[in-house]
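The following pair of complexes shares a single chain, subunit A, combined with subunit B in the former and subunit C in the latter.
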Partner chain A sequence: MEPLLKIKDLHVDFLSYAGAARALNGIDLDLFPGEFLGLVGESGSGKSLTANSVLGLLPLKNAAIAKGSILFEGEELVGKSEREYQALRGKKISMVFQEPMNALNPAFKIGSQVTEILKLHQGVTAKKARTEAVSWLARVRIPHPEEIMNVYPFELSGGMRQRVLLAMALSCGSKLLLADEPTTALDVSIQAQILRLIRDTTDSLGTSVLLITHDLAVVAQTCQRVAVMYSGNIVESGPVRKVLRQPRHPYTKALLQALPHLDGPIKALQSIPGTVPNLLTPPSGCRFHPRCSVAEKRCQADRPKLLSVAENHYVACWRESHHV
Partner chain B sequence: MSKPILSLREVVKEFPIRGARGNLSFRAVNHVSLDIFPGETVGLVGESGCGKSTLGYMVMDLQPITQGEILFEGQKLADASKVERRKLQAKIQIVFQDPQSSLNPRFRIGQIVEEPLRLNGWRDKRERKNLVLQLLSKVSLGEEYLRRYPHELSGGQRQRVAIARALSLNPQLIVLDEPTSALDVSVQAQILNLLRELQQNLKLSYLFISHNLAVIRHLSSKVAVMYLGQIVEISGTDDLFAKPLHPYTKMLLSSVPNLNDERPLEVAVESEMPSAMHPPSGCSFHPRCPQASELCRQFNPELQRVNDLHWVSCHNFSQKEEETKGDA
Partner chain C sequence: MNTSKFVAKRLGQLVLVLLGVTLVTFLVSHVVPGDPARMLIGQRADEQTLAAMRHAMGLDKPVWIQYLNYLWGLIHGDLGTSIRTQRPVLNELLSFFPATVELTLFAMGFAVSIGILLGLLSATFRDTLTDHATRILAILGVSTPLFWLGLMALLLFYKYLGWLPGSGRLDPLINPPTHITGLYVVDSLISGDWIALKSSILHLILPSLCLGYIQLATIARLVRASMIEVLELDYIKTALANGIPRSRIIYRHALRNALIPTVTIIGLTFGELLGGAILTETIFAWPGMGKFVVDSISFLDFPAIMGFTLVVATVYVLINMVVDLLYPILDPQIKGVH
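Let's look at the complex of A and B:
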């Protein structure tokens, strides 16, 4: 099967007075039609940046794609003009953000914001757009959708706002939904509702989802496949069960051991020594080597490639590539 | 059993509603009673707006209480004179969620940790400096940090500074208000391990406030679950996670994503938490509760004893208990 989204060797630089910071250091990622893929990592690992690069949302002044390609339905996105991106955003690729309050315009009613995107992309009349908007609000299980059309974003709870954004994101038939920490600002019971809703609606529409999160437990219970990022690289990817049960990369292993659990015996948590590297002066070779407990000489010198260790399971670690 | 170090007795906190006609107010904390014993960690868990932080602030005397009383080592905080109160209050310290905003950006790390000492009668400058160094080493920060500013530190290091400051006056109780929520998991693990180690070495008691159940479970010996200003269930940690009794606790536990579970998340209730401005009648959880009955709609249940450590406020629980008694 052809991937819907194919990111190849993507490098993104941020330019600052102190020099260029390589924030994405050669990302390879495939997303297949109808797939639910989790992208996890700690803050600053580049997961949001990956999604923003896909949608052409990099800050023009100081960020640039230095190398690599992003293919969506076989079409190259790198180098597209703003106008071309606008035709794509919301229609074929949509995004929901962490803070729904910031993503909605506080000065306009929900109705006008949901109908705007329908009028723009579908070219339908105001009346038709309104009935369609109401049905979309109902579809994301907003109670009394007609009344909600006439309220302002501040009158809604965080969970309801996120539902509105999801309705907007899916209303024009997007093939790909980029969900950037969509539930991080929400309470757990609401988080469960929203995650379930994203899964149910995208399932029925056949939309692919790239779920960006820092929470491995969320990945465990929502995604089919997961990619783990560290300092601008994907260090491991594979089916959720494999990556979380039999992690192969030392960073994935360390991350899992640092997490407190909801069941099982309570053990001392293993923290990862050191801190996330400064992107202006990243470590040579494998960017994780200064914090890695099993680092060898080779890890300092050369960067390991993301290679297959089992079916669909890829790891970027020198200790693994020996065995292949 | 020893005496509690801190006791809350029927504590109520009401905030006036500005602009409202008459004396309208909104009850953030509603008749909460809680004991914390020396050396133990009591976890306080609940969703945003349930009143868990307000409770922490009242313990810290950052918010005056409306009704009820707070006793520290058997002494009523409200009865203490100003001087006494200051001394008592020094034994209770707090660590906030966001170290970026809880540390003064214009102070150097040394000054930040020294400040409580300076304000509480440590006159000798050299002695103070030695103490500061000792405190920093307790949180694994070296001498080189003394002259740095908070912005030069990472989030985890800043939280260490906040902990060192909280330790400066030899407290007996530390209120930890979401101390790791702003941190990445690898750093969270460092801070949780540090807190645990400090507790063992210094015989501290913690009131640990968090919305993260896995973190609460990791650190607490006892857990209180709050919903709309009330404690709905309180229990020993193992018991609570193994046998939750209140429908809200069950809902909370089933909605938290679990790393060891690959099944899709359950959605127990499709509704949201009602506004504390207009709390529901009777049991505050009844509009979301799958087992709510007429009784629940009319009367607010009291906390009932399950065993010495486990208490729950649910009408349905007592019925069940009576049934089993009838069987026996």
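Let's look at the complex of A and C:
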């Protein structure tokens, strides 16, 4: 099957007075139609940057794609003009963000914000847009959608706002939803509801989802496949069960060991020593080697490639046998 | 709180503010050295005449009695009699008020429309040549003294180029339009007096541009700053991610929110322009309240000065009330607060 989204060797630089920081250091990622893929990693690992690159939403002044390619439905996105991106955004590729509280314009009613997108992308009349908007609000399980059309964002809870944003993102039939930590700002009970909602609605529409999160539990609950990022690289990817049960990369292993377990013996939580490297002066070779408990000499010298270790399971580590 | 309650409360506050204004202006004007009676009868009049005049003007009574008398008059709509013209201050102010309002409205219209436009351009094309040019224009605006600007404008456009008239409200050879509102532009429009309309608009250009320039600069800077702030917010990114064109994001999504702080400033601007008209009216011989008050000051005409101050203070408070009433329309979140 042809991937819907194919990111190949993507490099993104942040330009600062101190020099260029390579924030994405050669990302390879495939996303298939209808798939629910999790992208995990700690803050600053480049998860959001990857999603923003796909949608052409990099901050214009100081971030730039240095090389690589992003294919969507076989079409190259890198180098597209702002106008071409506009035609894609909200129509073929949509995005929902972390902070539903601030993601809706406080000066406009919900109805006007949802219908604006419908009118823009589908060219429907105001009346038609309104009926469609109401049905979309109902679809994301908002009670009394007719009334919600006439309220302002500040009158809604965070969960409700995220539902509205999801309705907006999906309303024009996007094939790909980039969900950037959509539940991080919500409390746990709402989190589960929203995640289920995202999964159910995208399932029924056949929309692929790239779910960005730092929460492995969220990945375990919702995703089919997961990619683990560290400092601008994908270090491991594969089916969720495999990656979470039999992690192969030392970073993934360390991440999983840092999770508390309800049923296990009570002991102090483990943490990964050190911090995320400074991107202006990244470590040579494998960027994880200074924090890695099993690092060897070659880890300092050369960067390992992301290679297959089992079916659909890829790891970028010198210690995996096939690299030898 | 509903709107009528809010207005009632504000009007109550207005009374208190005005009381404070009268107290301060009264005290200040009676503490400054100088004797209005002496100004009136001339330097050579003898002591007896002076004493009689002081008595007739009530200046021989203790200050607090004078103040109470003044307040008593105010309650009855009497702002006192102008020492200089010997006519009721209220009538004088009323006859000069429309000229000042007309000037202020034009200056304001200029400052607000061009100010918002420049601010928008500046924010949209941030750090480009457009932005730098606009910012230089704005900095010049806030730092150029009005009297200098006015004189330079007169020199250039009136004296050397001869494009625009330099003084008064109308060509001296043209009859003023039928008095309806007292605003010449409006009156000549209503009565269809096109000659007067053209002349009054031409006469308005220089003084209103000079008067409005400073405020234009303030508004442009403020709009730029709040646009830049708003454009960084999450909901702008949502709009972008949903494929809404950048121009529409700027003019619809961002501007609406960026205008909220601007409206406050615009309200204050109106008051400042009314007060600032003093200089402009003097430079351009504009027969408004400002010119009247300047003439009054040089004559130590206290009732006239105090009357002017009261009018400006009242307009200030009223405008701010209107601004407060506008907020909930611009920013729905404030509705809950009122």
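Throughout what follows, the second predicted complex is superposed on the first by the 320 of 324 C-alpha atoms of A that agree within 3 Å, B and C clash if a C-alpha of one lies under 4 Å from a C-alpha of the other, contacts with A are read in each partner's own complex, and residues count from 1 in each chain.
FYI, a contact is a pair of C-beta atoms (placed from the backbone, for glycine too) under 8 Å apart; a residue touches a chain by one contact, two chains touch by 3 or more.
Note that this is a predicted model, so its numbers are computed, not measured.
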Key: Fit or clash - subunit C, subunit B, common subunit A   = fit
Inquiry  = Touch test for A:Q193: subunit B only (first), subunit C only (second), both, or neither?
reply    = first
Ask   = In the superposed arrangement, does A:K297 touch subunit B (first), subunit C (second), both or neither?
value = neither
Message = Quick check on the superposed pair: does A:H261 touch subunit B, subunit C, both, or neither? Answer first, second, both or neither.
response = first
Message = Quick check for you: in the superposed arrangement, does A:K305 touch first (subunit B), second (subunit C), both or neither?
response = neither
Request  = Please work out whether A:A217 is in contact with subunit B alone, subunit C alone, both, or neither, and reply first, second, both or neither.
outcome  = first
Ask   = Which angle, as a multiple of 10 degrees, do subunit B and subunit C span at the CA centre of subunit A?
value = 80
Message = Of the two partners subunit B and subunit C, which one touches more residues belonging to subunit A?
response = B
Ask   = Just subunit B (first), just subunit C (second), both, or neither: which does A:N102 touch?
value = second
Request  = Note down the smallest distance between any C-alpha of subunit B and any C-alpha of subunit C in the overlay, whole angstrom.
outcome  = 8
Request  = Using the touch rule from the top, collect the residues of subunit A that touch subunit B in their complex.
outcome  = 42-43, 141, 157, 159-160, 187-193, 195-196, 199, 214-218, 220-222, 240-241, 244, 254-264, 266, 268-272, 275-276
Task = Write out the stretch or stretches of subunit A touching subunit C in their complex.
result = 55, 57, 82, 85-91, 94-95, 97, 99, 102-108, 116-117, 120-121, 152, 154, 165, 168-169
Ask   = Which residues of subunit B touch subunit A in the complex?
value = 47-48, 154, 156, 184-190, 192-193, 196, 211, 213-215, 217-218, 241, 251-270, 272-273
Message = Taking the touch rule as given, give the residues of subunit C at its contact with subunit A in the complex, in rising order.
response = 233-235, 237-246, 253, 256-257, 330-333
